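Input: a single structure, listed below in C-alpha cells.
Per-chain numbering from 1; labels A, B, C and D assigned in written order.
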Amino acid sequence: MILAILIMVAIGTILAAVLANSAASTAQRQQLLTERINERLPQTQCGRCTFTGCKPYAAAIARGEADIDQCPPGGDATAKVLADLLGRPPQPVDPRFGVVLSQPLVAWIDEPACIGCTKCIQACPVDAIVGASKFMHTVIAAHCTGCELCVAPCPVDCIEMRTVTDVALS
Amino acid sequence: MTPALHGGLRLPGNKQRSTQKPLRLIPAPDQVVLPLDQHAGAPAVATVRVGDRVLRGQLIARAESEISASLHASVAGTVLAIEPRAVPYHRNGPSTCIVIDNDGSDATASVAAVDHAALDPRALCEYIGNGGIVGLGGAAFPTAPKLRRGQQNDGPHLILNGAECEPWISCDDMLMREHAQQILRGAIILCHALQAARCTVVIEDDKPVAESAMRAAQAELHDERIVIQSVPTIYPAGGENQIITVVTGLEVPASGLPSDIGVLCHNVGTAAAVARWLDNGEPLIRRIVTVTGSGVTEPGNLEVWLGTPMSQLVDHSGGYSGSIARLLMGGSMMGLALPSDDLPVVKASNCLVAALPADLHLRGMEMPCIRCGNCSEACPVMLLPQQLHWFARSNDFAALESLGLMDCIECGCCDYVCPSQIPLAQQFRQAKPALVERLTSKQQASLARQRYESRDQRLERIEAERQAKLAEKRKAMTQNNHPGG
Amino acid sequence: MTFGTSPAPHVIAPNSVRRVMRLVLFALAPAIVMHIVFFGVGLLVQLFLGAIVALLAEAIALKLRRKPLQPFLTDGSAIITGVLLAMCLPPLAPWWLVVSGSAFAVLFAKHLYGGLGSNPFNPAMVGYAVLLVSFPAQLTQWLPPQLADLQLLRPGVGDTFYTVFMGHLPAHLTWDAITSPTPLTSMRNSLSMGMTMQEAQANPMFGAMGGRGWDWINLSLLGGGVWLLVLRIVRWHIPLAMLAAIAVPAAVMNAVDPGAYPGATFHLTAGASMLGAFFIATDPISAATSNRGKLIYGAGIGLITYVIRTWGGYPDGVAFAVLMMNAAVPLIDRYTVPRVYGHTR
Amino acid sequence: MSSLLIILLGSVLVSYFALTTRGIVQPFASDDVFDSAVGVAIATAVGLTLLSPLAWLIDRLALRPLHMDFLAPTLFVMLTVLFALCLEALFRHQTHWLPLRMGFTMLLTTQGALLGVMLQGRVRSDTLLQAVLAGAGTGIGFAALLLAFASMQQRQRAAEVPAAFQLAPIALITIGIMALALMGLTGLVRE
C-alpha cells in the first residue's frame, strides 16, 4: 500500500516538472509563433491595427490578445492566411480599423510647398522620405508602404496619398 | 537524329495554298498607322511633330531606353497625327501611333550602304539598332539589345530559326525560297557582330523547296561557319527555347537567357532585314505577310509596307469569300483573333488568316478536368497543366509557383489535346501576372520590414549614445563637485 | 468589318469527355459478352440496374447542386461507375445491392467531393467496398461457369429475373445447388484446409491457366485494355505496374513454396486483376498525376491486392487496394512532380 | 520469422487508432500547416518506436513483479505526455516543423491519452522485439495516414465541395472512406 502511494507521489512530481518545463517552452513557442505571423503581415507598419507596428501586432495575436481581422492593408487575403495558420475560420477585415483599399496608395509631397521641417522624415517607419532640414523633401515611391503616418505631422499639409500610377505620371 | 522535343503536336500545316504564287509587293496605302510600341520593351519616342514632311525610311521615333527599337516612316508624306489608335496586339487599350499621309512620291531617304567588316562588333550592333530591326518571328524583341547580351560570351553559336512550326504561316518559307542569299548575308553580318563560331540555319522538313534554295545559296557562299540543318516538323519546335534544345540538346536555364549557354537565336526574317539595312540602306519599313485561310479567294505571301491596314491585304488577295469565323493575326495555335480588319500591319504581323468555321475547331462547352494526362504528355516544357489548372482555380499561388507556372510558353498544346475543351492557355496567361504581382508584393513586404528594423536599430543606437553621453556628463559633474570625495 | 474574338488557341483536336467514356464502355463489351456466355444473363440485369440508378443519382445530385443537367448527365461517367460496380457483383445478387451501391457511389464518392473531376476516390470501388463490408453473404453467391462437362443445375432466364427482383430463389432451386465459389475463394479454402496446390488444382473448375470461365473473362478484359492503350485513352504505366506487382510476388512465393502459393498466371487471370488494372485503377480522376507517380500508384495497388489475397480476410483485395492508394495519391503527387524544362531538379 | 513480419505489416496497415484520434480530424488545410503535419507524423513515428519497448520493459520488470498492473494506464499516459515534451525538444532547431497552432498542446495531451491506450494494448506482445516492431508499425502507420490525410486536405481546397460539407464534414467522410479501405485488411493479423 505504502509503495503504491509512493509511486503515485513520484508520478505527480514528475508530471509537475514536465508541466513547469513546458510553461517555459511556451514562451519560446510564443516567440516562434510571433515570427511566423509577422512573416505573413504586409509590413506597412501603419498602426491601423492599434499597435505600433506589424511585429507588435503579431506578438499580440500570438498571445491571443488581438484578433486576425485588424489589418486593412493586408485585406481579406492576409486575414485568410492568418486564419489558415491559426486553424480558425477565415473572417473579413473589420471596417472599424479602416477601409480595405482596392489600389495601393503612396505618399506624394507637393515639393514647392515643402518647408524642410523633417517632421515627416521622423514619422516615416520605413525611411521612405529623403531630405534634410530646411531642404526640400521627396518620397521614394518604391519604398513607401502607404501607411499615411507622414500626412498628419506636416505643418504645411503638402503631403497627400496618391495611386502609384498617378505618382508615376506626375 | 536530333533529340526529339518532349511532347509537341503534329498539326496539319495548311500551307500549300499560300506558297503557290511568288512574293508580291503591294502598293503603299493612302495612310499608314505606325504604333510607337509595336516591339517588346519600352515604346519609342517620336522625333517628328504633326505636319512635318517625312521621306520613306526616315527616322520618326528613337529608342530611348535600353530595350526598345527605333521606328522609320514606311511612306513619304506629311505626319497627319500622333494619337492613340487601336492596335493588333495585347496592350490594355489603344497605343500612341504616328499617322502619315502618303503623298504618293515614294521619295526615299538615301542611306549609304555600310560594309559590316569595317565596323567593330559593338559599333555594328549599335548600327543595327538604328535600323529599327526587331525579331520578325512574332515576339518582335529588339535585335540590338539581344546582340549586345550575346556579345558577352566568346564565340556563341548563332541559330537562324526558319522552323516556322505554326500552321498556316509560310512567310519564312517564301523568304527562304526567294531571298536565300540575303538571309545568308544577314547571317554573316550577325556572325561578325557576335564573333560567332558557328551558325546553324534550321528548317523544318516540311519545306523541301526552301531547304534546297538555302543549301544552294550556302554552297555558293562556301563559308564553313554556316550549316543548314533540317528538323522534324513538330509544333512548337519553332519556339526559341525549343529550337535551341532540338539543335544543341542543351536546355535554356529557366531563370536565364539563351546567351547563358552560349547560344543566340534569331529569325531568318530578322537576318534578311539586317542584310537589307546594311547593304541597301533600307531600315525595317516593310515585311512579308502570309494572307491565307479559306475565307480569302487567292491566298499568298505579300510584301507589305508597315502600317498598311489589314483590309488592304485581303483586298489584294481577292477579298473575302464566305462568312469569316475568325480573322487571326498569326497562326491558329498562338494567333490573336482581331476584332476588326482596319488595324495596321506591325513589325510582328507574320500572317493573316481569314478563317472559315471549317478551318478552325473552336472550343465547345467546357467540362471539368478529368485529369486524363493528355496535356502533360503534350506539354513541350514538361509541366503538369492539369495540376496548374487545379491550383489556378483556387488561386493557390505557392503551388502554382512550385509547379512552374512561369515556365509556361502559352503554346496551346494542352488546349489542343484536352477532351474537356478547357481554355488552359488563357487561364495560365491570366494567372501569370497575378502570380508575379503576388511575388513582388511579398518581396516589397520583406524589403519594408528590413527598412523598418534597420530604422529601429538606428534609433536605439542613437538613444544609447545619448544615454552614454548623459551618463558621462553626470559622472564628470559629480567628479568636479567633490573631487576625490 | 468586325469579327468574333476568342482566346488562342483557335483549333482543338476533335475529342470530348463523352468520347473517352464511350470508348471505355466499348472496351468493356467483350468481357460482358464473355461473362454472359459463362454465367448467364444475370450480369445484364445488374448492368442495366446499375447504369439506370447511377444516372438517376447523378440527375438528383446535379439538381441539388443547381448544375445544368445536359452536359454532365450524358458524359457517361456515371454510367461507367454503375457498369464497373455491376461487373464486380454476383449475377444473381438481389436488386437492392447494386441499387444502393451505385447510388452511394455517385452521390457520396463523386458529387459530395465536387462532381466530375474532383473525387479523390474511385466511385465504383467506394460503392463496392461498402457492399463488401455491409453484405458479405450476398456477395459470395457466385455461379459456376456454364460449361458442357459441368452438369450443375442452371438457372434459366426466368429464374434469374425472379431471383434478382424478388430477392430470393424460386421454389425449385436452392442456393447450395446452383452456387460455387470463385477460383480465388476455392483456392484459398482448399489451401487453408492443408491441401497442396496440386490437389486444389485437381478440382474440375480449374483449367489450364486458372478458373475456367474466369480466365476467358480476364483475357477479354486484357484485350479491351490493350485496345484502350492503342487508342491512348489509357497510359501503360498503371496497368503494367499493377500486373507486375501482382505477378512478381506471386512468382516469388510460388518458387519459395509451390505447394502453398498459386503462381503468377493464376493470380493474373483470377478475380478482378485485369478489370482492376485496365479499368478501375486507371480512372484518371482518382489516379496519380505524373508518370512516375502512376508507376508507384500501380505498384502499390498490385502489392496490397496480393497481400490481401494471400494473407487477408477477403478473397479479392483489388477494391480495398485501389481505395488505399487513392488515399495516398495526393501524397504521391506532392513528391513526384516531374522536372520542368530549364530546371535542374 | 513470418510472424514478426506479419506483426509489423499488420500494425502498419491496420492502425485504426490513427483514424479515430480526435487530433487527426483537425483539418491540416493550408500549405504551411502541412509542415506541422510532417512534424507531428515524424514525432509520432519516432516516439512510438521508442516508447513502446520502454512501456513493455516497465510493465515486465516493474509492474508485473510488484503486482501493480493497475498502475499501467496512468504510467503510460505519463509516458506519452513525456513524448509530447520530447516532440518539442526534437524540434528545437527544425522550428518550421514545430506545430505552433493554438491548442496544439491540447492536441498532444489528448494524443497522449490515445497513445497511452495503444501502448497498453502493445503490452500483450510476448518479447521485447515484438513490442518494438508493434510500436514502430503503429507509428509508421499513423505517420503515413496523417501525411496522406493532410495532403488530401490540401488538395480538397480547390474542389467545389457543396457549402454544407466544407472543411470538417468532408474531412470526416474522407476518413470514413479511408477507414473503409483499411477494413479490407481485417484478418491479416491473427491475434
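By our rule, a contact is a pair of C-beta atoms (placed from the backbone, for glycine too) under 8 Å apart; a residue touches a chain by one contact, two chains touch by 3 or more.
Given the structure is predicted, the values throughout are model-derived calculations rather than measurements.
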| item | value |
| --- | --- |
| Far-end chain from chain A, centres as C-alpha averages | C |
| Pair of chains joined by more contacts [C-beta pairs], C-D or A-B | C-D |
| Separation of mean Cα positions, chain B and chain A [Å, integer] | 43 |
| Distance between the centres, which are taken as Cα means, of chain D and chain C, whole angstrom | 32 |
| Centroid spacing, where centroids are CA-atom means, of chain B and chain C in whole angstrom | 51 |
| Between chain A and chain D, centroid-to-centroid distance (C-alpha), Å | 38 |
| Chain A, residues touching no fewer than two other chains | none |
| Shared interface positions of chain D, touching two or more other chains | 155, 158 |
| Multi-partner residues of chain C (each touching 2 or more other chains) | 115, 118, 333 |
| Overall pattern in which the protein chains touch one another (line/ring/star/complete/other) | other |
| Each pair of chains that touches, named by its two labels | A-B, A-D, B-C, B-D, C-D |
| For the chain C and chain D complex, residues of the former touching the latter | 64-65, 108-109, 111-115, 118, 120-121, 126, 129-130, 132-133, 304, 307-308, 311-314, 317, 319-321, 323-324, 326-328, 330-331, 333-334 |
| Residues of chain D defined as touching chain C within the complex | 6, 9, 13, 144-145, 147-149, 151-152, 154-156, 158-162, 165, 170, 173-174, 177-178, 180-188 |
| Chain D residues touching chain A - in the complex, by the definition given at the top | 26, 29-30, 32-33, 66, 68, 71, 74-75, 78, 81-82, 84-85, 88, 95, 98, 100-103, 105 |
| Residues on chain A engaged by chain B in the complex (per definition of touch) | 38, 41-45, 53-54, 125-128, 143, 145 |
| Chain C residues within the chain B interface of the complex | 1-17, 19-20, 71-72, 75, 77, 115-118, 232-233, 235, 284-285, 287, 289-290, 333, 337-343 |
